[in-house]
Structures are given as C-alpha cells and as structure tokens.
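Just below is one structure, and these are the notes that go with it.
Order of writing sets the labels: A, B, C and D. Residues in every chain begin at 1.
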Amino acid sequence: MHEKCGVVGISLQDRDAARPLYYSLYALQHRGQEAAGIVTHDGFQQHSHVETGLVGDVFDEGDLGRLNGANGIGHVRYPTSGALDKSCAQPFSVSFKSGSLGLSHNGNLVNADEVRDELAALGHAFTSDGDTEVIAHDLARNLLEEDLVRAVRRTMGRIHGSYSLTIMHDDTVLGVRDPKGNRPLVIGELEDGYVLASESAAIDTLDGETIRDVEPGELVVLHPDGTGYDTYQLVDSDSTAHCFFEHVYFARPDSNIDGTLVYDARRELGRRLYEETGIDTDVVMPVPDSGRAFASGYAEAAQDAGADVNFAEGLMKNRYVGRTFIMPTQDERERAVRLKLNPIKTTVEGKRVTLIDDSIVRGTTSTQLVELMRDAGAEEVHVRIGAPPIVAPCYMGIDMATREELIAADKSVEEIREEIKADSLSYLSIDAIAATLETERDDLCLGCVTGEYPYDIDGEATDREVERPVIQSSLADD
Amino acid sequence: MHEKCGVVGISLQDRDAARPLYYSLYALQHRGQEAAGIVTHDGFQQHSHVETGLVGDVFDEGDLGRLNGANGIGHVRYPTSGALDKSCAQPFSVSFKSGSLGLSHNGNLVNADEVRDELAALGHAFTSDGDTEVIAHDLARNLLEEDLVRAVRRTMGRIHGSYSLTIMHDDTVLGVRDPKGNRPLVIGELEDGYVLASESAAIDTLDGETIRDVEPGELVVLHPDGTGYDTYQLVDSDSTAHCFFEHVYFARPDSNIDGTLVYDARRELGRRLYEETGIDTDVVMPVPDSGRAFASGYAEAAQDAGADVNFAEGLMKNRYVGRTFIMPTQDERERAVRLKLNPIKTTVEGKRVTLIDDSIVRGTTSTQLVELMRDAGAEEVHVRIGAPPIVAPCYMGIDMATREELIAADKSVEEIREEIKADSLSYLSIDAIAATLETERDDLCLGCVTGEYPYDIDGEATDREVERPVIQSSLADD
Amino acid sequence: MHEKCGVVGISLQDRDAARPLYYSLYALQHRGQEAAGIVTHDGFQQHSHVETGLVGDVFDEGDLGRLNGANGIGHVRYPTSGALDKSCAQPFSVSFKSGSLGLSHNGNLVNADEVRDELAALGHAFTSDGDTEVIAHDLARNLLEEDLVRAVRRTMGRIHGSYSLTIMHDDTVLGVRDPKGNRPLVIGELEDGYVLASESAAIDTLDGETIRDVEPGELVVLHPDGTGYDTYQLVDSDSTAHCFFEHVYFARPDSNIDGTLVYDARRELGRRLYEETGIDTDVVMPVPDSGRAFASGYAEAAQDAGADVNFAEGLMKNRYVGRTFIMPTQDERERAVRLKLNPIKTTVEGKRVTLIDDSIVRGTTSTQLVELMRDAGAEEVHVRIGAPPIVAPCYMGIDMATREELIAADKSVEEIREEIKADSLSYLSIDAIAATLETERDDLCLGCVTGEYPYDIDGEATDREVERPVIQSSLADD
Amino acid sequence: MHEKCGVVGISLQDRDAARPLYYSLYALQHRGQEAAGIVTHDGFQQHSHVETGLVGDVFDEGDLGRLNGANGIGHVRYPTSGALDKSCAQPFSVSFKSGSLGLSHNGNLVNADEVRDELAALGHAFTSDGDTEVIAHDLARNLLEEDLVRAVRRTMGRIHGSYSLTIMHDDTVLGVRDPKGNRPLVIGELEDGYVLASESAAIDTLDGETIRDVEPGELVVLHPDGTGYDTYQLVDSDSTAHCFFEHVYFARPDSNIDGTLVYDARRELGRRLYEETGIDTDVVMPVPDSGRAFASGYAEAAQDAGADVNFAEGLMKNRYVGRTFIMPTQDERERAVRLKLNPIKTTVEGKRVTLIDDSIVRGTTSTQLVELMRDAGAEEVHVRIGAPPIVAPCYMGIDMATREELIAADKSVEEIREEIKADSLSYLSIDAIAATLETERDDLCLGCVTGEYPYDIDGEATDREVERPVIQSSLADD
C-alpha cells in the first residue's frame, strides 16, 4: 500500500473547521487525487464525509454544512495502481467504547501486517487492508487502557515505518510525525486557531503563519478551543530520514519543508546541475511542469558563467490528458507523446537543445522526447536530470515503480543515454542534494537512489542501525 | 450563444476516422471543456456519440469502436454561462430526406434568430436555441434543391456572423470559414488522408503536416476516399476580420494561425510591451499560465536593453481549482485568490515586481494579485498587459463578459491603476498587435478593444461596410 | 415528519447479522421504499451502510461483507412528501463519549421540537429535522449519567408520541415500543439468536419463530451473544392505542400483529362488510391489491348467505406505474387511471358490479374507477369500503393526507356517493373493526376516523386522558 | 438473441405522438424491463431517445418534449441473460441515403447470421449482434432500389423466423407480422389517429378501440396524417403458428390476442384443468401472480361440480425481490423462497392443499413451494399446472431455459412429482389448449411442449413443411 497523500488538522476558537479544512485540501490536492475526506467533531458527536474523487467533486455546500464542529481533520488520497476502493479512503473513522477516533495518514508502515495479525487474533475485524485502519485500531485499543499521550506513545512503539498523521480523538486534534521525519508535517497559526498540514502552502491558503516543522518523533496536541497547543517529544532518534524527493518532485514549489523553500531548492539544484554537468547549447528547455524550476536555475547558472544560452518553454503540455485516456494502437502511427507534449518548432529547429527534467523513471518518456526534438529539427539533444539515478523502489509512501521497471536499476548512465538516444545525459550527484538541502546524507532517506533504506524492510539493505519492534511482546510488556 | 469551440473533420483512405478524431479533440480540448462529440459515416449509415464532459470522459473504447467509417467530424464545446445542456452539444446531426448531415460550429451568428424564425414558419422544429441547428436545417433544406457546393453557398448567403464549420453530408467531409475569416481553420495532410481543424496543433498530434489556413469565404471538400480535396472560393471579401485574441489568449502556443506561430507572437508582443511601456524592476513575473510567454519576451527585451532584471515564476498556480469550487464566505477571511495563486515569498519579498498578464477583464483578479504581492513583501508592484484595454464585449464567439462587467469599458488606464492599486499600469497598443501579426488593423476584428465590429450587430457600431442578408427574400429568390 | 417505516434488530451467536438483517429489510420493504440502512457492531467498532433507494439497490455483496458483527439493526424508510434527503435516512448513528448508538424509528413524536430545542440550548448540533436524531441525542445524553435501562426509561419519560424503536448501544441491541403500543413490534427466535422486527413476516423470512408482540411500554434487551433476552416493563398505561390501519392497509397479510393475523382480519372485515352493508350483484370485484382479501371475505359471506355472486379479478393492475410517471396533460384524453387499472371487459359488461376497496382517501381514484366500470359496460356500480370514513389526518406516522384533502372530512357518505357517482356506497362501522380485532374501541387509535387522538396533539381533541411531558423540568429532576 | 419485447407505432392527426407512445410502453412494460425507446419523425427529421431502464426512468418531460412529430414507434426490451448492452436497445434507427429508418422488433430470426454475413460482405458495418439491425440494414438496402411495400416484401422473403415489427420510414409508420403470426400485433383506432401495438391493452390505455389483429404475413401502413391506413397481404401461409404461451403466461390478462381474451382463456384453462385432473382438497391456492386466473377457474369448476373447496390467496408475494437481490449462502439456512413467497399459515395448517401454477420450468420453485406448504402444516400438497410439460426450448423469442435446465426434458410426470415431493402432480393436455383457444394444433407453435417447431431451426425437428430462404441467391434474383 504505497501512498502519497496529504493530511491536515484544524482547531478553531469559534467557527466550524469544515471550510478551512476544505480549502486546505484544495491546497494539498497535488498530493492525492483519488479520494478526499473530512471528519469533524462538534463536542458531542463526530461527523464524516469521505468520497472518491477530487476535492471539488467530493464536497458540496450541504456536505460542508453538515460537518459541524470547530475541530477536524482532512485527507487527500493518491491514486494507487489498484482499483478505486472507497473503503481505503480517509480520514478513517471508528467509534469505540471510549469515544471516537479519526485518522489521516501519509506514509507507509513496514510492519503493518504484523500489527494487523496480532489485532485480528484479538478479535479486531478490518474492513480494508490499509495501514491506516491498523494504526487506528491499535491506538483505539491503547486508549482503553491509557491516556491520550501514553496511548500514542505506545502505538508509536509498535508501528515501524514512515508516517505523518493527523488524528482526532473525540474533539481533540493531534499531529504525529514518525521518529525519522520521513514525510513532512508543519504547524501553523491562524488568527483564531491552529493548523497542522503536510505542507505550508495549505497554511498560506488560510492566510495563516507557518510556525515550524513538526519534529521527527514529536506529538502535537491542539487545544480543542483553538487557543493553543502542547507538544511532546515522544521518541528520540539519532538521525532523520527526510525524503529528498519531496523537494525534487512531490511538494509544491511554494511550500517550506524542513527549513527549505522547495522552489529555491529546485533552482539551486538546477544551478548545481549546471555546475556539475553543464554543457553549452543554444537552448535550455524544461520538461513542463516538473523541470521548469530546475531549468531556470540551470539557465541562470549558464548565463552567469557567460554562456549564450536561451531559456525557452519549447514544449507545450496538454493538461487534459488524464487517466481515462485511450492509448493509441500500435498500428496507428500517432505517438501518444505528441498529445501530451508538442514541441514549438521555432524553439527547436536547427538548434542544439538541453532538455531538463527532475527524474527518469522508466525511460519511456525521455526516449520519446528526444525523438520528438529530433523530428522537430534539433541538431543535438542533451538531457540533464536534477536528481541522481533512481535505482531502487520507494517503500516509504511514493509509488514510483517496481525495481524491474526502473531503467537505472540495472543500467549505467551511458547505457541509459544509448537507450534514450540522447547526445549526452547527466544526473545530479547525491552530494549536491545534501548540500542544497544543507543537511547530511545520513539525515536523508536515499533509499531510491542508493538501494539502502533507513527502515528495516524485508529483503532490503539498510543504511543505518534500525530496529523493527517485536510486536507479540510489546503489547503485553508496555 | 457565445461559444469558444474547436472543430475537426477527417477523411482517411483505409481506416476508421474515430481514433484520429479522438486525439484531435484532445489536442483542441483547451477550446472547450463542456461537451465533446464525434459523428462518422461508414458509407451506408451515420454514427454519432456526443456527450457533456471532457474528451477523456465522453469516449471509451467501445464508443470509438462503434463509430465506424473512414470519414467523420468532431467538436469540443466551451462552457457557456447557462446550464449544461446536452441538446446544445455538437456535432449536431440530422437525418433528412436526402441523406444525413453532421455539423460542428465554432463562432457565433449575428442573424440566427431571423433564419430560425423563417425556417420555423416553414415547419421546422428546433430542439435547441443554438446557431448550429439553424445552419444545419438551412443547409439540409437547400440540399433538397441544390448540389452540395451550391447548397453551401446559398446557406453562406443567408447566415451572417462568425463561423468556422466542419460538415459531413453523408460520407463527405467539408470545411467552411466565414467570409471574414474570424475564427481559425486549417487544412493538413496525413500519410493516408486529410484533416481540417481549428488549430494546427491537432494536426501535429496526428503526425500530419499543416498545409495552410482555409481562406475566408472558402469551402474545402475532402474526398471521401482520403485521396485529396477540392476547394471553392464561394464568397469574396475585401478585408478579413481575424480575431487577434486567438493569438493573445485563446489558441495553443504551439499552433500556427493565419501564418503566425502563436508562441512567437506572444513573445514578440512581450518584447513590444517592454519597448512601449518597459519599467526596470528587480523581478519580472508572469501570471501563470497566460502571461508566461509575454513575460519571457518582456524580460528578454529588458535584458537585451541592459536591465538587471530577474525572470521568476513567483506565483504558484493551483491547477485543481475548478468549476465546482465552493467560494469562501465574506466573513471567512481566507482569500480565494491564494487558493488559485500563491506567491513564492523569496521571489517577491523586498523586491520591485513587474507582473505580466495577457489581459484585464473585470479587474478583480488583478486587484487581488497586487494585494498578494504587497502582503508577500513586494516594495513596488507594476502591472503590464500584453493587449490593449478590453472596452466592449465580443459577439464573435468568445464569452468574455458583458459591457457592465468590463473594467475598461468606462474607466481610463489611470482609473484602473487606482482601482487595482498598482504602482504603475500599462497596456500594449493596437498598432503593436497589428505589427506583430504583420497585418493591417483593417484585417483584424478589434471589436473588443475599439467597440467597432466587422459585422452588423444590433445596437453596435461597425468599423467597415458590412451588410446583413435580408432573409425573407433570399430563400425565395436564390 | 410523518413516517411509515420498518425496523429490525438482530443478535446472533456466531455469525454476522448483516445478511439476516438484509433479508428482514426485504421482508419489510412494503413499509418504506425511500431509503434503507443497516448498522452493526463487531464488539470493537460500529459499521454503518445507509443509502436512499430500495433494499436491493442499497446493498451489494461488498457492503454486507463490511458490516461486521453478530449484532445489528436495520431500517426501511417511507417516502415523505419532501425531497429525498439522505440525512434523514436511518438507522441514525452517533458516536459519543460513552460509546456509539444506532437508532431505527417507526412512528412520530408529538413533542420532538420541544426536546430538540432543549438539547440545542445545551449545545447539541442537529444535522436533520427528524425525530430520530432527537431521540438519539437525548438517549446518548442520558447514557453519560445512567445505565442503559435507566437511560431508556428517562428518555421514554421525555418523549411523547408513537414509536417502535430498535436501538444499538455499542453491541447491545434493544427494542422499545411506546406506552400506547401504537406501531407494531414483535420478538422472535432463530436457531442461533433473537430478532426484533416491525412485523412477524420478517421473522418468517429468516425461518424463525415469532415469540410474541413486544408490550406497550416494554423494553427488550437482546444478549449480545445471541443466547437470550431480558425485558423491562418501563412504563405502564391503562389503555393501548394500536393503529387499526396496520390491519386494514399497511401491514403484510401474512403478518401477525397484536395477536391477529392480518389476512384473517381482512377476510373477517370483508365478511362483516357484507353483513352490515351487503347488496346482491352479479360480480364482486376487488380493487387490486389492497381490496383483494376484503373482497374474498365479502364474496364468501354473500355466497354463504345464498347469493348468486361471482368473485372476479376484473381490474388489471399495472405494477410498473411508479413515482417517476409523467402525468398526462389535461388536453390529452388518455386517463391515467387506465394506465394503472384496466378493466377486463368480459367481467364487467352488462353486469351489476360491487367494487371492494380498503379505504377512500381523496376520492379521485374511486371516481375514476366508477367511471371506468360504466365505460366498460357495467349496469350498476356499488362501492363497499372495508373501513370507516377517514375524517381526520394521522399524526402517528402514516402520511395519508391533510384534512383538506380528505373527502370524508366534510362530506356525508351520501355526498361522497354523489361525487364518485356510484349507485350505492357503504363503509364498515368502527364497532366491526373493534369486534374483528377482538378488542375495545378504547384500545385502538381511531384518530383518523373519529378526529380524537390518544396523544396530546396541538390543536386536536383527545379521546382519553393523556399528558405530554413538561420538558424543561424533567431533565433536571429525573 | 432470445427476446420477449413489446412494440408500438402511432400516427396522429395533429399532435405529437411522443406521449401516447410513452403511455403505450407503460402498458407493455411487462413484455420487457431492460430498455425502452421512442423514435419519432416530424416530417423533416427523426428524433430518438433510447436508454436502458424502465419506461418511467428512461423518459422525463424534456425527453418527451424533444421527440417532435405526429408519427413514431416505440419499444420495450426484455432482459437477456447477457450483460446490459445499450447498443442492443431499440427502436434501432439508421439514417441512410434514401432517408431514415426506425425499427422495433419482437421475435427472433432463425437465419439472422446468414443475412448479416451477406450484408457484411457487401460492406455493411454492424454495431450489435442483434436481429433488428440486420432487418434494418436489409430493408434500407432494398429501399435504395424499390418502393416501400416492395422493399418490405423483399426483406420478408429473405428473413426467416418470428417477428412482429413496427417500422418508421421517414414519417411513415408500418406494422408487419411474420407469415406464421408467431408474436401478437394488433391495430387500433384513436379519436385522432391509429395505433399498432403488441397487445390490445396498450390501445385501451389510450382510450382507443382495438380494430383487429394484424394478419400473419400482413403489412399495415399508417397514413402519416393520422387519417387512415392501408394493408397489404404480402405473404400467404397455409397455417399459423401462434405462440400459446402468450395466453398461458406472457400477455396481460386484459389483452385480446388472436381473438381470445387472455383472462377468459386462463379461467377456461383452469376449468379444463379441473375437468382433466381435478382432485378434491380443502383449499385451492394460486401461486401468485401467474396462477391466479387458472386457480380461480379451477376452483369454480370444482364448486360447480359440487366440491367443498376453498379458494384462498395463501401465498404472500414480495414484489420487491428483484434482479439485484443477493442470494443467501448455502450455510445460511434462510431459504430464499420465503423471501419471495411466504405462506399464510391459517390457510394451510392442517389442510389438504392444491397449488395451481401456469408452468414448471426448472422445478426449483415448485420443490421449494411444496416444502414450504408442508412446513406450514399442510397435510397433503397437490400440484396442478395449467399447461403441458415444457420439454424443449423456445427459439421464437421467449427466453425460458436451455434444454438441460428443463425438468420435463428428460423426466416423466411421475419422476417430476417425486422430485418436487408433491402428493400428486398433473399437467393440462395440449388438446385442452387448442380447444380453449378454439383453434387447431397445427395453427399453434407448440415447439416447447412437443420439441417440433414451425420454423426450420438448425438441429431441431419441424412439425410441418417449412423452407428457409437461400440468402445468397435471393438478393440477386428478387
């Protein structure tokens, strides 16, 4: 269950949380388009509205009107490869003997099956095979015996993996980030309340001020009356494992993640890309939209270095090609890529072109783009990538591809260059990433570019000392 | 019935036209998102599939499979202000005693009511109040008495206004452009057939070659066997009335319209904007996506002129804010504009900013953007617009706004600047438009920026000698 | 909020309650077609699936699969005059600080507004204007202070009106019938559990044995392990107020209600109808389906009395004429009644006909049927009704009509006969009803045929001493 | 493609045909619930609205409003075993070079594949695998060379099988019945027009008068101005092959088919059933709804013969159990039959019961009903069937079952009695059918009860001389 998702939680002083939650989810829509949901609590009862679809389709005025209460959480869900399944949509809500829980999750547990099996043996019935329900049941169970903070700590001691959570226990909203801080989570202040969100852009949308990132292993408890919050550092960790791909690809350019503005990071990565691998051509051209900030930093660095290079938006992106697109048959000769990206001839014809993108996954698109450039009359096509080669899958919540599909899993850079038929191909170094993010390699999750993970995953190597909880005993002993 | 739409028509030698039509409509999707449709003819019977929705949602594999035949036409429809109405979706198809007709229309008739009234008096029942059905009935009626070319000419003598049409009479596909050439229409060649389309990008998508624009007043008849086409210059006109807004805003940057590549035109308009109105600031920033090419031309001209200006994509556009969006209430303080466009603080803070957009319609967005820039710390905010002020509505098929809503209808540039609270505001001149498009003012439709139209519209001035047909007599006399 | 509905509750020993609940709702579908729902509890959490539509459309296999747990309740909802409103569908479920509640309601409270206002003043937010939510909130509130039985008693002391309820508190299923026993509720035994249902036919459907009616004012608590049940006579009442219309029209013929089999009651009412008002004609004909059992009893009594009368099903009912039917316009002369009921000519032509129905509400249908008979060649048309004239509206949960619409509200029997143009018209006496049901008039709710009600309804007379609770004090004092 | 369907065609003098068509389809809804459609012609163009679903769901006011024209045809389609397929819904409409055709079909062709193959070889593209499209294409092709009557005759000479058709060629409505008259078709008169319909009940619904059955092999052409009709006896046949099952089961009781009122026929069949197989028991009980008229005739004959027998509606039918019903699992012990049919205990307990039904197909329901009776306390259960045993499948348009599924295909009556565990079982004789319908065995289609068919079906015997057209030559020679 690999998920890229967005989470949010809000506590207000004197108005319903539903509409601010709704606008926050709009701001986080890029993190998940499959489903959206809001759960609120009005002090007496919980209200929930969760459906498959985009935020704008999931909620109407009446839905928001029925979501009473000044406290609530929300979620947007990323489309997974499988079928649409409403039962996996979030926030997950459960009412049990000591109250009601709502839970929004971004990330991926490594040991969900073990925890689920243990709970199932104790009689818990699960309606989905998602991680989120496992966390919710475990936490609900602990809440029968412990207070809120202890119950969260106990559950954190039992689950292993990547998670940023917003939780609602009755009308109290919590935020939790896993001990390695793999997925982002920030806390912000509104005029009349507080907000937890995956990205700071959601706080901007509400005209709020971002206070800071939630720390790895930290629990934030918002006061249900919207007047403040308490924090508890429940688990300490020697190192962090921030996902660098949030900066490279996933997060919004206008979000601040772990101290860095994503847009600035991408421009800087682009500058370093020129410094490490720069080649002088007539045109520097981004693959829209993901390559734009890299290309602009790259072109700037080139110009600063005195190169006579033109930055041109020479690929026209068709924003309407979506999931329901019917693929051309092999024997029709239209190539799907021209539907998605059409070159603007005057920017390419007779020119040496540098194409800038953020990553190469399977290599198919790159191959097609290079061919497209040549068909449009490019004399040379050079490809520059603003991240290191992706050699291994992500287990932490980003559904990139299986190892077999990754072109860099078993090919050298030169072999990839041959396959995509570029005149030259270069990637950015891992060190440039760490330098740009002003951090150490050890504080990043580099699993997808090194094959060594900061969590204990079956059949994979780790790049540090990590220990997966032994579930059977922990419930008894804690 | 103001419509911005896209039309296409295809005749192939030996394969079904449905899939190429489908991909063409994808390429034209930006011209209309309300409805899409395809009508084909297999030599014996007509097949039709028309529905409200995006191209990707309207058709599935089975639908395409049922659209038999090597000849066909297609349409994408722009959302009008009224309710979704399937009865207005196109292509409009009608079977009558001398065969079947299919019709796709981009444009707007000035005298549709007169023609409809006359036909209704003759017993025709209309199922919609759209122009297209009027043209279809008139043409069908003429076909009972005339051959195809004469019937089209007779209908062209009776309708007045702006139209680019693709028509199918039984299995023959036709393209017609009104005598002033207001809306675009191009003809292209595929390996195994011919294609008519609103924009050349649709032909690119099929890996075809664009041959040329269809001439104003010209009829193009594709051979049903896909081997060629005939043309007939049915109506001559002293001047043309090309819509300059196709270049400024509506068409795809990668399309060639009436001899000019739209992307190049926008960059050149941007350059001229700097030349006419340039001001030196720290940052030049486009309003995405419409202002991007203008801003890049503007920044380039500034840099060429030696200005130390930074081109920055400092506004993050949220692509998910769509038609179903629930507006914030007045007493909530979140501003909708930050949902749609969020500033990237580091690009703005402490800087003098020039914002570049293609047009100002109502002024609301500009006001919000200027305020947003100041909130984000901009020291000065200058606004530059890549077109002249819009002072009058469009009657030719682009639904901009009513006269009352247009901020420039009764305000001077200085008054507008005050209202949007910019430090300075400048528009581009009409002459710069004509020069960029390498044409005369008299060959453009400038109705929306001068208030004088190239057609005879009730209650509006014209900028040339035009004559509306007197319908009652023409049917009898012709 | 007048509702005719069906309720059910089931506790089983060792299997999920969802499928038996589903089949029970099918058996109760005649009591409500607007919406259906099931709420279950698996010991840890509550599961709910409630939607508008027929039982067969509301649930699929996956829905039933997700409704885990051996305990659950269900509901079918009658279409009310207003718009479809999912928020009113039941069972209503709420999670609050001392657990979760599910509630299914058949009946109508007289003082719902007073209780709601008081709770709202205490901070409760209501999402619908239904009675059910009021009962649920009141009960939930009482459960914060009392044990289950006392909390139910306290709520029963505060609500006034007609109600048969199935309730689930966490995994405990309860059944409650109001102190007058207005709406039916029975308890039955399955091989591996117990069931509460509006009608015994639901128990038959599960191959169970009906044990007895729940007593007026009684609470039945099923053991969550399916092994038994406890009962508490919480409120005593001098008299009952059983709705006699359940026997006449609403319940299934194969259900046993308050000791009488509905089918036998209808046949007996038909016999008494002949005895009181019999007239000898050639044919006795039921209005299908409601008049069938009456007509068969009537014909039998006639034959026993030596009359040479033929029982004939001479009206063909079209079962497909439903809610979405488009009514004929006045100027079209087809009469809607022939769509619904078409006479079989050979059974009517040249004959004296007695038409038997269960009731006359507005009189429109009767008028049309009499005319239909005459058009088909009937020599005489006599109408006999198996119940007394309906002179007043029902406030107890059956949405018959407003007083203005009731033809008998201000017309004598002779005036009604004139209006429907029958040769003769007779109704059954109230005494015949009481005799048939082997009860006293005082133990029946006869509001709709006397205008005097067994509850304290604003602006209406009562036929006994009843007292509406004074809400403001009762919460404090209890 | 076995289809039980209903067809209708209407021509009016001065008002739109859409609403009368709509009400007619309601009256024919029992002949098909899968899809419904109407096609009209307003003199200039054809209008069509066809969708899957019940009549009441398929059309709204707007749909009817758009179906302009005083001439039109309609269709209701029976659910086939396969998936819902909109492409098979009818009326089928096609526009071709000499006008437009609409076609509604009830029946089943024996040689559809041959005709389709020949047409496909000539270049016709088919969008479904239905018979109707084959007839439409063949007729359209003939219309390119012949006048309307000759074209219909030519097509009738090429297709072989059972068909009752309503056709619209431009604005002319036709009705055709196959030369054996297998499926019903009647013609009726309205005050301002004429109507063709599968059953006379549809004409009753419009307050019209049924004129007569359309003759086998006859073509009826309605005048488009609603003032009259012409008839052509295009094909003569020595014998007819009326389906006797229309009287036994399929048609409405209030319809007149081939000279007999269905209700009277069923009562008479019931009387003969008693005469041939009568046994004296305490109760005679119909299986609702199909057995009701038989049982009433049977009971009457028994009483006339002096038997002391009670006619009782002792089985309560649940009208809501439909296609979306989720079947009980084997290990649940509820039996589905009690959901559909619940016995009223007082009518059965301690009694000898005779159950009357119209037919036994697979035997499953009969087995369950007998068991149900015994569970309810019946002392003896006798089963009497108002038709002969069904020993072979129907190829003429009624989808009963495959030969393997038919319990009587390879079992004697005594073996069937053993299987269903009845105390006795008897069927009606074929001669009683012929006598009741006042016809000869040779004029009935008895295929399903004899295994010998009146058409030339691959792999089956015929009961008369029939000749299937040799398609390849007939198109050339005609």
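We take it that a contact is a pair of C-beta atoms (placed from the backbone, for glycine too) under 8 Å apart; a residue touches a chain by one contact, two chains touch by 3 or more.
Since the structure is predicted, the reported quantities are computational estimates derived from the model, not experimental observations.
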- Could you tell me which chains make contact with chain C and chain D both? none
- Query: For chain B and chain C, what's the span in angstrom between their mean Cα positions?
  - Reply: 60
- Just give me the whole-number Å value for how far the CA centre of chain A lies from that of chain C. 54
- Centroid spacing, where centroids are CA-atom means, of chain A and chain B in whole angstrom: 37
- Query: Who touches whom among the chains?
  - Reply: A-B, A-C, B-D, C-D
- Message: Please output the residues of chain D touching chain B within their complex, sorted ascending.
- Response: 42-47, 66, 68-69, 87, 94-97, 99-100, 123-125, 127, 137, 140, 170
- Interface residues, chain C side, partner chain D - complex: 15, 19-20, 22-23, 26-27, 29-30, 33, 54-57, 59-61, 64, 191, 201, 204-207, 252-254, 261, 263-264, 292-293, 296, 311-313, 316, 318-326, 328-329, 332-335, 338-339, 342-347
